[in-house]
Amino acid sequence: MTLLDSWWDLRDLGHAVAAFLEWLGDRGVPSWLPYLVSTLVGLMALLLWALLSQLFFIWAERRLLARIQVRLGPNRAGPFGLLQPVADALKVLSKEMITPRGADKVLFWLAPIGVVVPAIVALGVIPFGQRMVLADLNVGLLFIVAVSSTATLFVFLAGWGSANKYSLLGAMRSVAMLISYEVVQVLALLAVAVFVGSIRLGDIVSWQGRYNTWLIFLQPLGLLGFLIASSVEVNRTPSDIAEAESEIVAGYHTEYGGIRWGMFQMAEYIAGFVVAATVAVLWLGGWTLWGLEEWVPGWLIFLIKLYGVFFLFIWLRGTLPRLRIDQLMGFAWKFLLPLMLLNVLLAGLEMVVWKETEAPAEVVLPIWAVGNIAIGVGLVVGWALLMGHLRPRNRPARSLLVREVGQIYYRPLEEV
Amino acid sequence: MGTRLLSGLELAHRLERVMPGVVVEAVPEWVEVSPQAVVDVGRFLRDDPELEMNFLSCLTAVDLLDHFEVVYHLQSLRHNHLMVLKAKLWERESPELPSVASVWPGAHLQEREAYDLMGIRFRGHPDLRRLFLWEGFPGHPLRKDWLGMPGQRMPGLETFPGEPEWRGEGRG
Amino acid sequence: MEVGLEHFLVIGALLFGIGLLLSLSKRNLIGVLMGIELMFNGANVTLVAFARFLEGAEALAGQVLVVFAITIAAAEAAVALAIAMALYRRRQTVDVDRADILRG
Amino acid sequence: MTGVGEVAAFWILATITVGSAVVVALVRDLVRAVVALVGSFLGVAGLFILLSAEFLAVVQVLIYAGAISILMVFAIALTPRSARDNAETAMRWLALALALAMVGLLIAVATVTEWGPQAKEGFQETASAIGEALLNRYVLPFEVASVLLLAAMLGAVVMVRED
Amino acid sequence: MVGEPLVINVGPQHPSTHGVFRLKLTLDGERILDCEMVMGYLHRSMEKLAEERTWTQNIPFTDRTDYLSAMTGNLAYCLAVEKLAGIPVPPRAHWIRTIMAELQRFASHCMAIGTFVNDCGAWHTPLLYMMREREKVLDLFELACGARLTTNYMRIGGVARDLPPEFLPRLRELVKELPQRIAEYEELLVENEIIVARARGIGVLSAEQAIAYSVSGPMLRGSGVAWDLRKANPYAAYEQVEFDIPVGVHGDCYDRFLVRLAEMRQSVRILEQALDMIPSGPVQTPVPLALRPPPGEAYGRIESPRGELGFYVVSDGGPSPFRFHIRSPSLINLTPLPEMVRGLTVPDAIITLGSIDIVVGEVDR
């Protein structure tokens, strides 16, 4: 009953919870009560954090995007527009929820809930601090992937149940993308698991703490693959083709309004937080910061890393255009998948060599770090060249400048 | 330097040489041909190496009360000269002439526009439907005798006929 | 109240039975496939329950067998759905009753 | 298994699992049937956790709820609307009788058989143990399974190829 | 959806149709089997309205056809009427018209490129960068004529009023700044891997097709046809300035985008020369308010940002046009769209439409 035992293992939310439970235990209450209390406290804390973070990041995203786009962003409601997300939330709450005629009412109603729940559940295994985790599963890594993957079904149902062709197109796109990118995502995580030898998130963090290194140095390629695959999975620009605004209006949630739409928005943010948290745990050392965690609360370090990764998504959103779906799928299968396979192989080889030679970590890890970064860069560049990303067809040209009218300079693209 | 406007008189001579009897009237600014021959004339004008009127700049129709005039502005990109070709239709109820969309595909939408607003039927047009107004709109508003909507709604305008009734199709 | 091996076995049996009913009675190939998946699940519950409750050195074998069962179920689902697609493409139907001709 | 939480969890999960499976059998719309099926899969995953097989539970969610259900809705979406009916064939009563007989037999076997001493404690950690077992004792079936997956993948590709 | 074509309506209310315009796409999955254009949602029957108003009163209509390029609309109409009535235009007015037309071209191309990259999926960033420069141009318009969008600045026989004294210094400042900005756009967009991947080889229109379909402007030039009315049939003061015609090679969306970007540079070049060459003097030939041009017809055409914008006016000697026809480049450039998008996917159709750069006010008039 390991899992059930660890449910109440939420000691670092504050020693308050532990003390409270101890107090309860002293009173001789039935054994299931502390269980229930700690679970509820942990859940409330997670939900509260997720909601507040989300509210803050709605504001932060709008302000940052505005900065990127040489404008000001929301600045009217409250100081620096900080109350803007509150106003938005109130507006969303008070709007009418329309169910389109011809929609499958059950699916239409179920989909927003089904999208939000997995995102929140996945938060449950994230270690926010040394002992601040709702359930430190020994299969934590797999758990995140598994739970996140169920959200896609509900994305599909949202599109399917809406009786809208744009929604249906968005749903088909999201399913096609999930099938492609989940493979990449799992392979990227697998390489980390091979390195650490465990898929318990707490172990991964303590491994990085023990060797005073971050896996970003040892697994740069894996991080790249994971970031790209996750940005596809959580539907953020540049890979938001399931809800591509300029093409299929809003994709699978075209027909949603009011709080149901808000649920999709919430799911997008929380799934983004889960991804950012995964990156922070796996590649950025979680709550550790080379000894600083002795002085600063671990959760603070962790949250700073998490928000930093999330900022990256915002930055990408403000910067990049969107790929077409076949290009995105091709990118997954032809580019990322081979690289991730090689990466897993490389990680396995390195671990074997390390185990066999029994060299000290201070020697081996720097070598692997330098080697992996070099190999990573080399593989990405080499593969891009091999795939023909620098062919003359793709090399940008300037238009010709002519002075006389009447001539024709047309040449079909194939002849180049 | 600039686009040369070809003389209608000279063009008339050329056309008469190739297709006798096709020119109805010619003045320095334009040349008028018989409506039934516009496709042949157009093809000749487009293919003749000296003229090479390969660019249909503008196609429109004018209601001159007793007749309609279809005006073609033709441009040669290589020789940089322009000409004005006209065809007059003396039929008021259902004016009709051949479509030049087979010669200049660029006439496609312009002919549809002329049909929509002026009511000129272009025979042989691949897809002659109204362009801006919906099927069933009463009359052709650019005609001089189209007097608009006198005080009340025109018959046939009570409902917006563009969209079919939603019939409760299933999902997807 | 105690929950023991028998409870899980009954759950497994019920899942298997419902799966059997589905796969025998459904007209649609995808419906049949759902029934087969349910039968798989019933068997898996039984196996895991045995692995949990029966004492012995080989207790983990039940779980390992379930890993294989899930793997094979995934492969089987992929192939079955490919059959459904191919069937539809060739014969414009996914009705198993009308797919009894072996000619393509 | 005697704890209040465990017993309650068992009954809730059992209800979800079997209830969802019944809904799959009853509902006429195929997509809704898939949703109910996912409910059943998730219930089974919960039962796995109760049986201290959390690795299997996660795999169950990942493969069944995450992948197979998606494949099914994809297949439903790619076949036309007319083929989305979840109707029964003429053999339904016979099938029902057969299924009932089967269930009765299985339940009888389950309850009548004396299963011997039952383990009181579950496993502590199964993920690494399963990993060890797969790569030592069961390495041959493991390889065979991988070949099977490859064959299935190729077969699926060949079958749906546009020709 | 196998064997079951899916019909989707892109528009009339859609983020990427740039107005109320509708594409009816018949799809197989995401592949386009057929495309039908439905327009007229913004039809205001300007051609009929113009027959009821005097020649001068019609100038505001020309603002409102192509509302992103009001100056060029004014200019083309005024040229047509001047040609019809034989009205001379003072040289300073010619130069003012040239300056305004080129500023307008710059502003319009800013919108065209910005929305095109938006259609490629960028989240408004390039559009807002370009809006920044467009704002400055619109500020200049406001300085000159008090309006930013629908300027109504040109008059038959000249322009409405002379430039205010601070106009030219501010224009000089702007002209100094713009080349850096264009360099910034080029750096951001031209070599952007995603834009190249999205736009290269999409929506190809060969030179022959382009000529046959009567497309004009950047679309024609993008297909490799060197044709620009400013060179071919110079009007206003274009004969006296030096500039090049940017020409694409492959006729795809990317080339049309490049041509627009290069044209922005050429516009700045023309503005630089105009600043030095603009003479002083009157800006308008006195024209009677109730102008009665002699019976006849005239076809005045210019190179608007979207292509050949022509006004075919017929006079019967009365105070208002007998026939007033607008040869709108937006409408005619749409003619080959179904050909261009057939066999592509929905996102490709969107960027192809974006690269044509229509203004629905001009399509429907």
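Labels for the chains are A, B, C, D and E, by order of writing; each one numbers its residues from 1.
Assume contacts are C-beta pairs under 8 Å (C-beta built on N, C-alpha and C of every residue); 3 or more make two chains touch, one makes a residue touch a chain.
Everything numeric in this text was worked out from a predicted model, so none of it was measured.
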By C-beta contact count, C-D versus A-D, the higher one is C-D
By Cα-centroid distance to the whole-protein Cα centroid, the innermost chain is A
So, in whole Å, the Cα centroid of chain B is separated from that of chain E by 24
So, in whole Å, the Cα centroid of chain B is separated from that of chain C by 68
Separation of the C-alpha centres, chain A versus chain C, in whole Å, is 33
Here the gap between chain A and chain B, centre to centre from mean Cα coordinates and rounded to Å, is 58
Note: chain D residues in touch with at least two other chains are 6, 34, 52, 55, 59, 67, 74, 77-81, 122-123
Residues in chain A with touches to at least two other chains are numbered 104, 160-161, 165, 168, 172, 405-406
Note: chain C residues in touch with at least two other chains are 85, 88-89
The residues of chain A that touch chain D in their complex are 1-4, 30-32, 35, 104, 106-107, 110, 137-139, 142-143, 145-147, 149-150, 152-153, 156-157, 160-161, 168, 171-172, 175, 178-179, 182, 198-199
Chain E partner, complex, touching residues on chain A are 65, 68-71, 165-166, 168-169, 172-173, 237-238, 240-241, 244-249, 317-327, 389, 393-394, 396-413, 416
So, in the complex, the side of chain E touching chain B is made of residues 1, 6, 39-40, 43, 45, 47-48, 209, 211-215, 225, 227, 229, 232-234, 239, 297, 299, 301, 308, 310, 312, 314, 322-323, 325, 327, 331-332, 334-336, 364
In the complex, chain A touches chain B at residues 101-104, 160-163, 165, 168, 405-406
Per the touch rule, the chain D residues reaching chain A in their complex are 3-6, 29, 31-32, 34-35, 38, 42, 49, 52, 54-55, 58-59, 61-62, 65-67, 69-70, 73-74, 77, 121-125, 127-128
